[in-house]
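Below: a set of structures, written as structure tokens.
Shared between the two complexes below is subunit A, which pairs with subunit B and subunit C, respectively.
On to the complex of A and B.
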């Protein structure tokens, strides 16, 4: 346990020294704040674009506050996912190819600790960044539109955070299996895209599919809709996702154990 | 002599290639062992299997006196051929980190780090980022981190290949001290270093162990008188040498030969010495050096690795 904390602390120190601890939260905050602000100023932006015929009146329906938050979740689902995949894509492959894994893994350190300490460090920063970003989105939604109840916001944040964590873990797992960082990021994003497309196109309900999580998160913001979602099926999806995360970590650990280093 | 490590029928096959082919040896407690062999012989592959960085295709690696289920890595300190570090850490931070991962307390790790930085000669750079270290400094830091937990077996893969001549001498002197404290296994291409430091040698060739044993015994067994002859660069002497080598008297054998020198292995030293001296005066050769001695580790190495 002490060794796990030492590994974990080293990962945090690295994120501090490389300023990841600054740019990741800032990216998420910018991402979260931009959606309500852009939506609010959309009519002005359109009218100042200047290519409207003289005298045309632009009337866009003012979106409901929960719709604004839901559309910022959509932003997180694309760019946020990309940020998470990018920050995990070389987590293990780089240690292996640079030779640092060979220095550390000849010491009496368990492979499980090595992998999970790294995982916990990156994911905790990602989660904090997402919470900052989502809070920013919530703040601007309240300021520019109307209030959204915190209970709904919290529920959607938890469901969405689980989705981000799942994709981040996939990227970490692929970084232990694939030498190329870009290919690892691509594999994680492609898996995520596939799962969420499957969940929204196939005509039957897929409780087992983590790809439902973004839809569930957005749906839980809408008081009218989340009555339709039985909370049992939400729980099941969350549990399946947690199990999938655990399996991905087992695979990553196994991969490091069987091939601790390239050099 | 009690055995510390025994290796049996160790084999590693990469896709096509048999990098290590069924080798077996023992390392005695407290011995200093040199692992020799030409490039690609399989030294690094063997070492990486010992340290657990590479899974053997087959074979066993066993430490004597290790408890059932104990982690072999607790006893090993390892310096890779090209050590790698986190460039954003300082040298001292890396040592403390390594020490704590080996189970030292924070206090122990700190004092041990200071001690080792001093010992390997980079104390003044301890507070600097490793990213700015030279190759030689990294090599020294690598040695320090291998020693941090006082390992029972110190494994060094070409510890001096990145160092300048002065650094090489310093590090060899350090290894000389260390061999009194712990068991050492190191690979090297500098046979002179091996000869000076080690008790035992292992010579590998194309994945196989060609020769193993204590340096003293192997030397005794393979001891042959050697005459090494060097001549001036004038034409007359050159021509004489070229001609004479082709009709050497019985009982003398030329091993290595360059434009102005030759090493001769003799069956009987006295006859050979007399024959050579007589020939030299008769032909009025300008001799620059004549050395009479015994075959070195280098002669033995060449004999083993060039044998058909």
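On to the complex of A and C.
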């Protein structure tokens, strides 16, 4: 356990040195805060954007507060996902090609703790960034629109955090399988996009699909929709996702074990 | 939705601008202190200044060359 903690601290040191600890939270906060603000000023933006015929009247319905929060979740689902995949894309392949993995792994350190320490450090930073960003979105929604009940916000945050964690783990897994960082990021994003498209297009209900999570998170903000979603199916999806994360970690560990160094 | 006064709106949005500015300043400091970057430095200055959020993120992700 002490070995694991040392590795964990090393990962944090690396994230400080690469300034990831600065830019990831800041970009999530900006992302989360800008969505309620843009929604609030949308009528002004449209009217000053020009090329509107003379006398045109735009009347946009004021969105409900939970819809504003749901749209900032959508932002996190596109750009936030991209940031998480990009920041994890060379997590393991860089260790391998720079030789640090070989240096560390000749010492009595298990492959499992090497991979899981990295995973835990990356995910904890991603979760903290997401929570900061979502809190910013929540704060601006309350300030500019109306209040949203904290229980629903918490539930949606947990569901969405699980989805982000799933994609971050995918990026980590692909970075152990594929040497090219760009290809790893692309594979993780493509898998995530595929899962969420499949979950929204195919006509039958897919409890096993982690791609449902962003929809579930947005839906859990809406009080009227609670009746349609039985909590059992939400739990099942969460459990399937957790199992998938565990499998991805096993694959990453196996891949590091079979090929600890590029040379 | 109540109509907010101008000062109130500015006081709401100001933190958002400040935090973006902070990221840009940090990116520029890191850029000037770096010995080598991937690509010329003046190009990164332009990208960071004009690409605001995405520009500085791109610098942190791709611009730094690990020694």
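Please note the rule applied: the second predicted complex is superposed on the first by the 263 of 263 C-alpha atoms of A that agree within 3 Å, B and C clash if a C-alpha of one lies under 4 Å from a C-alpha of the other, contacts with A are read in each partner's own complex, and residues count from 1 in each chain.
What we mean here is this: a residue touches a chain if its C-beta (ideal position, glycine included) is under 8 Å from a C-beta of that chain, and two chains touch if they have at least 3 such contacts.
Quantities reported herein were computed from a predicted structural model and do not represent experimental measurements.
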> Will subunit C clash with subunit B on subunit A after the two structures are superposed, or do they fit?
Replying inline: fit
> Where does A:62 make contact in the superposed view: on subunit B (first), on subunit C (second), on both, or on neither?
Replying inline: second
>> Applying the document's definition of touch, where does A:6 land relative to subunit B and subunit C: first, second, both, or neither?
In response: first
>> By the touch definition at the top of the document, which applies to A:145: first (subunit B), second (subunit C), both, or neither?
In response: second
> With the two structures laid over each other on chain A, which partner does A:22 touch: subunit B (first), subunit C (second), both, or neither?
Replying inline: second
>> Quick one: is A:37 in contact with subunit B, with subunit C, with both, or with neither? Answer first, second, both or neither.
In response: second
> Now for A:83: first (subunit B), second (subunit C), both, or neither, which partner does it touch?
Replying inline: second
> Between the C-alpha centres of subunit B and subunit C, what angle is opened at the C-alpha centre of subunit A, expressed to the nearest 10°?
Replying inline: 80
> So, A:98: does it touch subunit B (first), subunit C (second), both, or neither?
Replying inline: both
> Of the two partner chains, subunit B (first) and subunit C (second), which one does A:250 touch, if any: first, second, both, or neither?
Replying inline: neither
>> Under the stated touch criterion, which partner chain does A:45 make contact with: subunit B (first), subunit C (second), both, or neither?
In response: neither
> subunit B to subunit C: minimum CA distance in the overlay, Å?
Replying inline: 5
> Considering each complex separately, which residues of subunit A are in contact with subunit B in the first and with subunit C in the second?
Replying inline: 18, 98
> Where on subunit C is subunit A touching in the complex?
Replying inline: 1, 4, 12-13, 15-16, 19-20, 22-23, 26-27, 30, 53, 56-57, 60-61, 64, 66
>> Give the list of subunit A residues in touch with subunit B in this complex.
In response: 2-3, 6-7, 10, 14, 17-18, 98-100, 102-109, 258-261, 263
>> Give the list of subunit B residues in touch with subunit A in this complex.
In response: 48, 51-53, 55, 71, 73-74, 76, 78, 80, 82-86, 88, 97-98, 100-103, 142, 145, 149
> What residues of subunit A sit close enough to touch subunit C in their complex?
Replying inline: 18-20, 22-23, 26-27, 29-30, 33-34, 37, 40, 62, 83, 86-87, 94, 98, 140, 143-145
